[in-house]
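Okay, so subunit A shows up in both of these, paired with subunit B first and subunit C after.
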Partner chain A sequence: MTNPGQSGETVPHQDFGVYEVFAQTQPLGAMEWQASLMAGSPQMALSLAQQNFLRRRQIYGLWVVPRDAIAKAPTDPTDPSHAADALFRLPKGYRELSDYHYLVSKWRQYQQQAMTPDTMA
Partner chain B sequence: MDVADRTQEFLARLDSGHKIEAEDWMPDAYRAELIRLIRLHGISEIMGTLPEKEWVPRAPTLYRKLALMAKVQDEAGHGQILIRVAEDLMAPLHQNREDIMADLFAGRQKFHNVFHMPVPTWADAGLIGWLVDGAAIITQGMLLSGSYAPYTRALRRIVEEEGFHIQHGESICMALAEGTPRQRAMFQDALTRWWPSLMMFFGPPERSAPGGAGAGSHQRANLRFRIRSKTNEELRQRYLTKYVPRIRALGFSIPDATLAQDPDTGAWTYQPPDWDLWRRIIGNGGPRSADRLELRRMSYVEGQWVRDLLSSTRKAV
Partner chain C sequence: MDEKRWRPALGELLAQLADDDLVTAFRASEWLGLAPHLEEDVAWSSIAQDEMGHAAMYFSLLEQLGFGSADDLAHLRGPADRRNSVLLERPNGPGTYLDQPRFDWAYALARQYLYDTLEALRLDGLVESSYQPLAELAAKIRREERYHALHHATWLEEVAQAGGEASERLRHAFVRAAADAGDLAYTSGWAREWEESGLWPDASELPAAWAHQVERELSHWGLVLPPVASVHNGRAGEHSPDLASVIAQLSDVYRTDPVASW
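== the complex of A and B ==
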């Protein structure tokens, strides 16, 4: 290929695949998605990930995952199999911390009672 | 639901602040506008490395050389990130980066006007970091709240690095401004040379867009799709408000006698750039367009054996 694209015809595509890049940026942090890239092998993907996306920060772990290996739930809310929607479980406070915040003031109340002079006598 | 209903539902979802992901259904026009915008942005990052890299071997100190190299490497990385975002949108059209490159070499893929211009002095290199990256971050900051999630995620990372670019440019310009009369004169010359290009950077306001309604309609479509939230002219006004006082504070003069700010509205009036010239420049008729495209093509062709070697089906070389 000495004159790419000059003919206006479809160009042959390099045999590269898409890899998703995940990195751990804190020693106790979770693996977090960073970027995606094209590479011919996992080794090349790792090296490109380091050079392109992670050269400015200290990282503690690095994964590259072929995109084909990831099964994704649809994100489009009009998709009937849209799986990220958990609203049908209403009410869901029983599994949220916010439903149990009242315990903090309860404990404060009990502590104060315990420290009043008549209970100390 | 037919396409018209789906499009209405889609637009309503955008209006309520919903973000779109790559594999979600989207109207063809939404996909087309995104591809056009992100390709332009990505290729401009790649072509933008070429004017600045000219100064890597000639940077005045080792510190400046290292900083400039880091900046050029960032810009190439921005290109990589953005082209990946464009590729996911282009996948249904069976196109990828190689088609973008082919279009670039065939003159079918545009890049920003500023990267077609010469960089004759170190002051020009500093000015690019300060005032060109400064313009870019105004556009990119506005695009951060756009409706297409993969693009805004990419921009978040890019804008973080652009912060360094601007300070790097400011630092060079500040040193020249506080330097000898020759250094000050060198910066003033660079500013005089670059001002028209800077005024062109954001593109024509809708009403004077070359080609009339056709060219301005991309702006309108991007606003409707909530890909962008401000017009070219609003961005240019914001740029003037931010940078004119800074340039003047350093004692430099802007080569536009008509430049003035309305004290009540804050709106700037200025000498409108020659939009026909702008169109010729981005049509690869700028002073350095041919050289830079040839350099990019040469390194692409000469790097083919590396790509072949790294591809998953190894060929004998």
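== the complex of A and C ==
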């Protein structure tokens, strides 16, 4: 028998949780996700993030967020609020650049035409 | 600085620095695969590597001064020539790394904290050293040590405040660690020379500064510093049998062929 807490034995970690690590790699950059880790407290998560993932990188900001604190959209595609499904929207070509390619030929056409008071009308 | 005149004092100082970090790195590396959880395993091992790196830098200063090659100094000196604190050579707990390692995490934390505190104070003094290569090295190492100390202090605070068995174990660990910590801040009669030469301007203030800071911080965490004592004085080359076993393992491969190029 080993005593509780000694190495080699599995001890239930009641307060342990997964933290998501975000860092700012440019002074005015956005916080970007870096890694996930397990820790017993936010302070420990910050320290472990620094020791394990950010040792050799200059960073300007560091966040750790308990994964439990993140609200997640459903991943089931049949769910009406499924995050990845943008296709339920009706076609809205006017939001896309490719919808305006016809303007190039139209522009050319007008350039080649002689402008007269009649054609301008 | 008159290098020739102060050479013995400088050699003694560098040996303390190198040997403290070498033995610390060795004991810390023995937690590989045994730390309380995976993330800590990685963090603790990285810190162990940093400590080994610091030892290597101090040894190379000794090498440049003609005290012998860095590798030989690290591997081939016997216990009587080593200057590390006895606290740092003690095993991590019952068993050995390869045989029933029932190591004591609370002891690792307590010991590491006592050493972190000493190291920070020592480096604060050494950045002002009259020996320029040491001053520059101390400044570099101090930057990294701040992160180590912060990491260990985070652990200590959590275990101290956890209550129950965790805090109880930590209290016992400090009793055991303090019983060997007597030589940690002891400067073995060299303090006057270190101060006179400017090698380490405030060397004689170390023992009081260390005890003061440790007592203040521990009380903040609801702990007390147990009686600080020592059975052996590592600074004078007097060690426990534990150091011999560290050297034997550390140098096992090197001793098979000391002239080989690794």
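As a working rule, the second predicted complex is superposed on the first by the 67 of 121 C-alpha atoms of A that agree within 3 Å, B and C clash if a C-alpha of one lies under 4 Å from a C-alpha of the other, contacts with A are read in each partner's own complex, and residues count from 1 in each chain.
Simple rule for what comes next: a contact is a pair of C-beta atoms (placed from the backbone, for glycine too) under 8 Å apart; a residue touches a chain by one contact, two chains touch by 3 or more.
These numbers were taken from a predicted model, which means no experiment stands behind them.
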- Message: Between subunit B and subunit C, whom does A:Gly93 touch in the aligned arrangement: first, second, both, or neither?
- Response: neither
- Partner chain(s) touched by A:Gln50 [first = subunit B, second = subunit C, both, neither]: second
- Query: Per the overlay, which chain contacts more subunit A residues, subunit B or subunit C?
  - Reply: B
- Task: Based on the superposed arrangement, let me know which partner A:Ser41 touches: subunit B (first), subunit C (second), both, or neither?
- Result: both
- Tell me which partner A:Pro66 touches in the superposition: subunit B (first), subunit C (second), both or neither. neither
- Message: According to the stated criteria, A:Gly29 is in contact with first (subunit B), second (subunit C), both, or neither; which is it?
- Response: neither
- Message: Looking at A:Gly17, would you say it contacts subunit B, subunit C, both, or neither? Reply first, second, both or neither.
- Response: first
- Note on the structure: After superposition on chain A, the subunit A residues reached by both subunit B and subunit C are 2-6, 8, 13, 16, 37-41, 44, 51-52, 55
- Query: So in the complex, which bits of subunit C are touching subunit A?
  - Reply: 34-40, 42-43, 46-47, 93, 101-105, 147, 150-151, 154-155, 157-158, 165-166, 169
- Note which residues of subunit A are touching subunit C in the complex, please. 2-8, 13, 16, 37-41, 43-44, 47-48, 50-52, 55
- Message: Can you tell me which positions in subunit A touch subunit B when the two form their complex?
- Response: 1-6, 8, 10-18, 35-41, 44, 51-53, 55-56, 72, 74-79
- Query: So in the complex, which bits of subunit B are touching subunit A?
  - Reply: 6, 9, 13, 18, 21, 23-25, 73, 77, 80-81, 84, 87-88, 96-99, 101-106, 108, 154, 157, 161, 297, 300-301, 304, 307-308, 310-313
